[in-house]
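Below is one structure; the comments refer to it alone.
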Amino acid sequence: MASELSKSPVPDAQSVREQSLAVSGLACERDGRLLFEGLEFTLAPGAAVQVEGANGAGKSTLIRTLIGSASDFTGTIAWQGLAFPRGLAAMRASLLYIGHYAGVRRGLTPLENLAWYGAGQDDAMRALELVGLYGFEDVLCQQLSAGQNRRVALARLYLPDSPPLWILDEPLAALDVTGVAGLETQMNCHLRRGGSVLLTSHQPVNIAPLQRVNLADFSPRMAVEEELHRAV
Amino acid sequence: MEKWANMKLSWQWFHRLGSPRWFYQKTSAWLPWLGAAALLLLAVGCTWGLGFAPQDAKQGNSYRIIYIHVPAAFLALAGYYIMAICGAIGLIWKMKLSFVVMRAAAPIGAVLTFVALLTGAVWGKPTWGTYWVWDARITSMLILLFLYLGVMALSGAFSRELSGDKASALLALVGTVNIPIIYKSVDWWFTLHQPATLKLTQASTIDPSMFYPLITMIAGFYLFYAWVLILHTRGLILQREWRTQWVRELLGQSAPAAKA
Amino acid sequence: MQSESVGDGRKRIAEPVLRPAVPAAAPGFFTLFRTELTLAVRRRSDIVNPLLFFVTVLALMPIGIGPEPEMLSRMAAGLIWVMALLSTLLSQESLFRSDYEDGSLEQLALQSQPLYFPVLAKVLVHWLVTGVPLAVLSPLLGMMLNLGQAGYWPLLLSLVLGTASLSLIGAVGAALTVALRRPGLLLALIIMPLYVPVLIFGTGTVQAALDGYGYGPQLAILGAILAAAAALAPLAAAGAIRISLEN
């Protein structure tokens, strides 16, 4: 175990720039309505960003744009200095994404779900134990509660060989107090080992270092599509 | 770096070309001329075909419906390809205008297909003694109508306009790949079940005195199609972009102009 | 690490190292196929219901059109084929639905591998659990509808080949409508016209055999349609999935 710890990389300045996700001048629209514009932030290794905003402010659209599911945006998103869409493939290779819909198949057991994400039996068992699902490994997910299903998804964060970039959409939803605390601990661990976290949440998250980005600060001056056209 | 800037410039130009506003303003000037030319050709073709072309030896006057039927059937099929190509351009180059044209083309094509079916049925009554025969052409036309209706239904089913655009564009493309297969198999099916008797169009045996008015009508239909397509596209553009500054200015300006 | 038993769970484990930025190991075709098969077997009603539908409606046919053996025998192949088409279509609506709703389709789309193979795996399983049982059952229904004995094998073979094409083509429609709340009728509307060639050559196979001709060419054409559909339909469905995910 000690040998594995010593192998964990220590980020230097070069890799900080190379590993980071940089967003600048980003504007997103949905159905001809401009959600936000001029959005700027950088997500460096060992750092976390919490995206805040009221319902409908565009948090989900932002997340989907960042993971490349939605391709309608102006401005630049760059991963390791390479702008989208060229940087997208490299970014996805370093990405662990847990969305609003957690990606847990209800017809599979928690163990099978993790196996589908490429986890070995032992790793999956350990991860499930760490999220408090010990004893539920072989129960079909459709028989588990909403919070337990969320934990199955979050168990992916406890697997070894984690990708460096975590993008989590409302990870704290449906979790109880101990679940939230455990997740915060795990996110802090991830930050300490040089990973980065981008998450949306309505409640305060106790991780450090945390930068908060409020989408309300970037709401458009003029809610017309014309603006977006001019930005092109 | 400079190369990149150049690329950006041409990209901008492409987007302007694809901008609905640009299209709307450019088409304003020559649209009436197009409409006039289309109507003129149609009027000439109709009078010529219905009034002056000779009677058919076997079918008498009932054959004259081909002056409507054949151009409509031509454009019904061509319209599907036009729609699909516009959809493909929209999908590949993310050109919004292209999707608008695609959406505009769908109902026009469907109406033309329906006209072709209707005129075919009207012609069938005196010729075959019944309005509907499961003839290969008619069956293919019917399936084409269903393909059109499918594209229209799908594009209208999404609450988000862009998703409807893309989904129906993809469906139109899938339909394009399938149309030749469908036509061939329907042909095969028809020859299997009954030998071909009378065909609705026999271009090879048609007399020039009947053929020239037909050509005029086909040309007239093409122009008419283009005119209606552009008109409908302009309507959709205004509908889509009603929130933008230029549409508001346009509507604000045209109101006093109409008074004067 | 390996010696640690799973039971003594309170012990903290070492912080795992970050994975280097290499493309995530996407599940291979066999894994995808096995997962889909597991899911399909666990949702047994999805297998049984299309079959029951197929049998029930076919049993209604003689009641609707009369029990005269000659009339039934002339209509049998067409009726069975149309019903096969309908039951495939009805079962197809749920092809991507649960994956879309639980987010696993989005996870698949994020992987570096193209969506072609996941779609193909899904369709293959769909065919195995709906098309194949339906084809196996068809001679029995052919017998009940007074289909000539010469038609049994052609019916079965044409259904085996044909339902695979139907599943593939239907997958495009299912992917296009997966983001819609109630796609049932719309799915039928957009996909039915595309089924026409399969229907024509499917019934053509049986008809040729009943008329005493060889039915090899028709089967070959069904095979050609299947080959084309297997190459193109998953591509179109993959594109449709990405469109639906953007919605």
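By written order: A, B and C. Residues from 1 in each chain.
What we mean here is this: contacts are C-beta pairs under 8 Å (C-beta built on N, C-alpha and C of every residue); 3 or more make two chains touch, one makes a residue touch a chain.
Remember, it's a predicted structure, so these values are computed and weren't measured experimentally.
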item: Touching both chain A and chain C (chains); value: B
item: Pair joined by the larger number of C-beta contacts - B-C, A-B; value: B-C
item: Chain whose Cα mean lies nearest the overall Cα mean; value: C
item: CA centroid of chain A to CA centroid of chain C, Å; value: 34
item: Centroid distance [mean C-alpha coordinates] between chain C and chain B, Å; value: 34
item: Separation of chain A from chain B, taking each centre as the mean of its C-alpha atoms, in whole Å; value: 47
item: Where chain A touches two or more other chains, by residue; value: 71
item: Per-residue multi-chain contacts in chain C, two or more chains; value: 246
item: Overlap residues in chain B, where contacts from two or more other chains coincide; value: 160, 162
item: Residues of chain C touching chain B in the complex; value: 172, 176-177, 179-180, 183, 186, 189-194, 196-197, 200-201, 204, 207, 225, 232, 236, 239-240, 243-244, 246-247
item: Contacting residues of chain A [partner chain C, same complex]; value: 1-2, 4-5, 7-9, 64, 67-71, 89-90, 92-95, 97, 99-108, 112, 116-118, 122, 125-126, 129-130, 134, 140, 159-164, 189, 192-195
item: List of chain A residues in touch with chain B within their complex; value: 30-32, 71-72, 224-226, 229, 232
item: Chain A contact footprint on chain B (complex, rising order); value: 12, 15, 19, 94, 160-162, 240-241, 243-246
item: Interface residues, chain B side, partner chain C - complex; value: 143, 146-147, 149-151, 153-154, 157-158, 160, 162-163, 166-167, 170-171, 173-175, 177-178, 181-182, 184-186, 188-189, 192
